[in-house]
Amino acid sequence: MQAFLDVFDIYLLEAVINGILLGGVLALLALGLNLIFGVIDVTWICYAELVMIGMYGMYFMVQYYGISYFVAAPLTILLVAVLGAALHYLVIAPLLTAPPINQLLATGGVLFVLQSFATVTFGIDFRNLGIRLPVLAFGDMNFSYARLLSFVAALVGMVAVYLFMTRTFTGTAIRAISQDRQIMALMGVDAKRIYLITSALGGALAGLAACLLVLQYDVHPFVGLSFGPITFLICVLGGLGNFIGGFIASFVFAEIISLGGLFSDLEWGYVLAFAFFIVMMFIRPAGLLARRR
Amino acid sequence: MMGRGRLAAWGVGLAALVALPFVYRDPYHLHILVLILIWSFAYTSWSMMGRFGLVSLGHGGFMGIGAYVTALLWNHAGLSPWFGIPISMAAAGALAMIVGYPCFRFRITGHYFVLVTLALSGIVLQVITATRDYTGGSLGYTPNRASGNKLLALQFDDKTTWYLIALAIWLFGIVVWHWVDRSMARYALEAISEDEDAAAAAGVNVTAEKLKITLLSALMTALAGAIYCQYQMFITPDTVSGIAVSLQMVFAAIVGGLFVSLGPTVGAIITILLAESLRIGFGTKAVGWDNLVYGVLLVLFIIFLPKGILGSLLDRLKLQRKVPRAHEQKAVQVARPGT
Amino acid sequence: QEKKLKIGVIYDLTGPLAGGGSELQYTGARIMLDQYSAKEVEGYKIEAIYADAQSKPDVAINEAIRLIEQEKVDMLLGFFSSAQCVPVAARVEQLKKFMWITTCISSAVLENKNYKYVFRPQASGDQFGMMTMDFIAQNAKEKLGKDPKDLRVAIIHEDGAYGVDVAKGNEAGAKKAGFNIVLREGYSATAPDLSALVTKLKRAKPDVVFHTGYNPDITLLLRQAREQGLKFAALVGHGAGYGVYEKLKEGLGADVNYVFNTDPISIWLANQKSMDPKLPPIIKAIGEEFDKRKPGVAIRSAHVGMAASNTNLFLTDVLPRAIKKYGGVDPDSLRKAALDTDIPEGGTMLGFGVKFHGEGSPMAGQNERSFPVVIQYVDDKSYVVWPKSQAQREAVLPLPKGTTYSNQ
Amino acid sequence: MLELRGVNAGYGTFQALFDLNLDVKGGEAVGVIGPNGAGKTTLMRVISGLIRPSRGSIKMEGVDLVATPAHKIVSLGIAHVPENRRLFSQLTVDDNLKMGAFMKEARDHYAERLEVVFDLFPRLKERRHQMAGTMSGGEQQMCAIGRAMMSNPKLLLLDEPSAGLAPVVVQQVFELVKRIRASGLTVLIVEQNVQQVLKVVDRAYLIEAGTIRSSGTSAEMLASDTVKEAYLGV
Amino acid sequence: MLEVSGLVKRFGGFTAVNNVSFRVDQGEILGLIGPNGSGKSTIFNMLSGTLAPTSGSILFAGHEIAGLAPHRIINSGIGRTFQIPRPFRRLSIFENVALAGFYGQGRHSRAKAEEAAERSLAMVGLPTDRHASVDGLGAAGLKKLELAKALATAPKLLLADESLGGLDEAEMDQAADMLRNIRDELGITIIWVEHIMGVLMRVVDRVMVLDHGEKISEGLPSAVAGDPRVIEVYLGTDAETTQAAAAEARRRAGG
């Protein structure tokens, strides 16, 4: 009994809160993907690699050219937004009528391209921005400012995107386009433009994630591998295109990883998270927040 | 329904393939050939369900189970692969059922299905890694060398033997593919992939049909994993399981052509040869460029040959021979009295 | 026909392991081999053919087979990752070719394999683990003021071949020293979050943390450790990521001060007084060559020297003997020559001597005289602090008051 | 207002329209009738730019539609209610209507137009938060017409608006056409319900196999033998 | 042969079908009419198993089929068409129908299935060419294909949902005749949903009217066509023509 109670110590609380903060990181990553994958129904398998390029962008601007972090961040967001638009224009647009699996494959190719592009141009070294934010301490518990920042950015970003998607005409068009592309012209919508806007927006969100992730993680050509799959799972667990759901799902995942890791080996935390995902898919196939039909 | 000419072509082709290792003995090339055959079989197994819109990223898991269960049984229980392989296949099949049944029952399709299966291969990978006391974890796992009967242990040092085994397995895969292709089940699965309700209204037991093809595909993939393990005599979680392997299957099958029997084989040939020759070609002079070129080619293939290399090629040939589609419409209109 | 020795050299130049140290190893081996490309050894030209294993075992296997069967190399040299060494060594042995491992250190590569043609002059991973435990054990009472049984140690490691092997040595060493192991855990080097592990460490309150990892995970762990306020008396790393000071410094800033690392000694740190006098000039030459190839690096990585020394050992000791005494560069001559090797301590750039375990030994092919050393990074310099015979200064232990992780 | 001259169009190698001429004057209601597969829907699509004619010219108030991108055609005042409704089935009724008012000009009058549409179809107001795809066939048709009305068009293209609707609703739709027309809108309507449609339009064209077989005022068409034989079941 | 009682279907809080009971006799053609959204298709969906009823019972040939999986219901002898055609575009026209023939009849023999396909296609007037593609079919063709698929499952009871929608008048008459033939020659019982009263009233034996998910009227065509409530919610000014059609049909049937 005592052993059991021992579990409920301050460290548990710390793990819970760290889970929430990790959730912020994941939510930030999932936000842009949810827009692309969930709403306009285009598969960007290479999404995390866009974040990687953004992180390199930050690194070089800040470390090499000595640009201030706050100037570099918008530039990076712009850079990745352009990248997202280019990705759409060059790779996705020709495949819009092809089955989704072809998009998966083509963007998978882009994933290789981006990874090896980074290897070729930036080398295989791990790079670190070297900005060390202070630590927030509450008694025995300590929290990372960098993560707090991601958390806030994710929250603000989520609300902004949600409002944009539901309140504006362009947002509504973005939601409509995956359902009937041909008919969009009858609404006076230039489908190409909507796709470009969305892709650029998705890219910009990836860029935003990059700006904040670079404070916490080393950049290297394979950094995307750590985040790719889990971001996709989050989008689905939250319900495709459901931004609030995705936000919540990020925290659920993060808590499972965090607490699973606390009570057992880290790997089992992941096994647990994956298994939870599968089970949830059966219970709530349309996402955490879905009403049961 | 195979024409006489095609049957003859297949016969000649096969004879040539069987004769090959007796004429051409370069061990490295044979090694690559064996790998191509084994992977072709794995890709064919994947395409068995992939072609019906059941895009699974869980096949890395099935392959891993095939490989690891066989090897673990041999090392820890001394069970010959002749028994180990069926057991490992059964294990993969059971897993396929456990995940597949609720998936199909609850109508988990499209992206959802892709990601559920992705999680599945993630789990298998993590479990193999986490149980490193038995599986060797990321260090990989080697089946013990047979001290006695090599045949019983399914271990051969000779590349020719392996080549013939791989060829037989590959052929088996192609035969099964054709068998499914000509069965009524193909109609049902095509129908299901388009509209499950409508298929059910035509009397198709949607869940059962999907389960059957998933089971078949998983069993074959596990077999591929086990054979790969016996041939390489070494497996790591990353080479036979996990998301990367699953993606590799999807890539090759689609690059080759999902809807033709030899498509996945062509995919295996192209992707493996491309990767090998790019790597060797660029060597250590231009590190990283091989993957860059590989990725670019992959993207170009898929944009310009959306039905896969073989699929698009055959389409082009067919287009020249076949009557234009307008005739079909004429036929319909003619059959419509009164207009 | 001209006499020639063809060497197939395989390292990872791309993929996650490349940055983890493999590429530096490759550079070291290459510096040595390039020097011989113009010279001859006992009438034999040396030709090296390089290949990239891309951090993937199956690629390593394919390349090994290709180099042997296609390029007809006489032997293989190199390999960074143990996950590649294991299958490749098995293949090479089966094909009866000679293999000279410069790096991959897992004991699993050789243990109970009874290989005849595979040799590794390098210390094995569990030796690393044992070494550091021994180092702490010898200092526990005096510097940390604790009896071994009261000393709380945590062993954490990336869960690849390397980390697992070192951790095995750590555990054996800790048991031998009688330490109290409060946590032992592996994690994936690609894990996006290690805060749960840090929390567990905080709860376990270790005095000394023994860590094995590659680079991004080390930085991530230590950053999160700082952010979560983990405190301890000493952090002991084991090669790989801990061997690349540049990156540690970049990611951790001043926090890297006083961290210990175990590696074969960096050739530039080795005690040159007790060394074979032929060697120091070579060390100097390697250093200059390295600076040329990688300008602007503050501490020359131990990885470079490791591969260079081991390559040099082969070219200057084993190879000439094989040709002169056994008449050629066929695998059996090379093997016999390697088994004849008998170099006393101080006979290599890495300080240790060389004598391979022979047939019948459970570690056949392993150098029985190799040992790693413990170094400490102090103010952007590294000093050997253990073993005593090589030590350049006293270890700073525990972490001085006021440093980030100090529990004083 | 709308003028088609020598229009040829089709799908791939298949030609569906042959040298078609057609005129719609401002304020007029014009019907297009013809058997299945005659090319009526194709005609509508060519006008709204969903498919491009291979030959011929289409002008809307003098503006050449052939040279105008499809999404710009709406802003010239043409709204098309496509065959089979083509709603955004995963969006709510509200969102569907919002899409109808996507154009800049229409956005400004969004609230007003919404009132107008809800007046026409009170049923839509009741179900404004329902997913369009889950509504009944008739409700969906209302939504489709409503969506087109949102852009405040000058010319409304209706492709079989009565298909699948209950008789009362069909009557309402035709009433609606009358009303829409009375409010000054021009209507081009494709219908199978020949008797009904001829009651509300001024003129009609009979299309068969992609060409105009005959045309005339409603009275003329009702009296015409060809029409009678084929479509009025007499 | 079909006995439905107390059938209810709710979607969330919305009741689409509310406590509907009716029966259909062997060899009968029952017309099912009602305003849009009154629950006709929903009833079909429940009869064919596409949707599970919230409550109520459906006895078909003496067996309870409510809530069974669709394929089992189809196999037990109910065939249906969809209001909006749902062809399988990756299969040829023939394969579409052969599929229904094979699975709809309990997966017995391929030869039998192909025979059934040929028969059904001929019956509805589609080509029996094995490779003709679905893409070439217009609206009318698709409706016919729906019907052929349903027929190929060898149903005892056919649920036809707006088989005439979108057809021109000539085709409509043919289709109506076809439904009659199906009943007369194959002895298949039919429930027919349609909004085109002129045709429906001439063909059906009995009519049932739904409104807001509830049954508001049931009886002979002429009687229903005169029911003021039906006129109000459904027929409107069409009432006269409808009555005329019903009367005409009765006269023909009687004479």
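By written order: A, B, C, D and E. Residues from 1 in each chain.
Going forward, a residue touches a chain if its C-beta (ideal position, glycine included) is under 8 Å from a C-beta of that chain, and two chains touch if they have at least 3 such contacts.
Not measured: the values here are computed from a predicted model.
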Centre-to-centre on C-alpha atoms, which chain is most distant from chain E? C
Comparison of A-C and A-D (more C-beta pairs in contact): A-C
Where the CA atoms of chain B average out and where those of chain D average out, how many Å apart are those spots? 50
Please report how many Å separate the Cα centroid of chain A from that of chain B, as a whole number. 31
Could you tell me the distance, in whole angstrom, between the mean C-alpha positions of chain D and chain E? 29
On a C-alpha centroid basis, what's the spacing between chain B and chain C, in Å? 39
Which positions in chain E touch two or more other chains at once? 11, 140-141, 170-171
For chain B, residues contacting two or more additional chains: 129, 287-288, 291, 325, 329, 336, 338-339
Which residues of chain D are in contact with two or more other chains? 35-37
Chain E residues touching chain D - in the complex, by the definition given at the top: 11, 33-38, 41, 83-84, 138-141, 162, 165-171, 173, 195, 197, 233-238, 242
In the complex with chain A, residue positions of chain B that touch it: 50, 53, 55, 99, 102-103, 106-108, 110-112, 114-116, 118-120, 122-123, 126-127, 129-130, 243, 247, 250-251, 254-255, 258, 286-292, 294-299, 302-303, 306
Sort out for me which residues of chain D touch chain A in the complex. 48-50, 69-75, 79-80, 82, 86-91, 95, 98-103, 106-107, 147-148, 151
The answer for chain B against chain E in the complex is residues 184, 187-188, 190-191, 193-195, 197-207, 325, 328-329, 331-332, 334-339
Partner chain C, residues of chain A touching it in the complex: 9, 11, 14-15, 18, 21-22, 25, 116, 119, 123-128, 130, 132, 135, 137, 140-147, 216-218, 220, 222-223, 225-227, 230, 254, 257-262, 265-267, 269-270
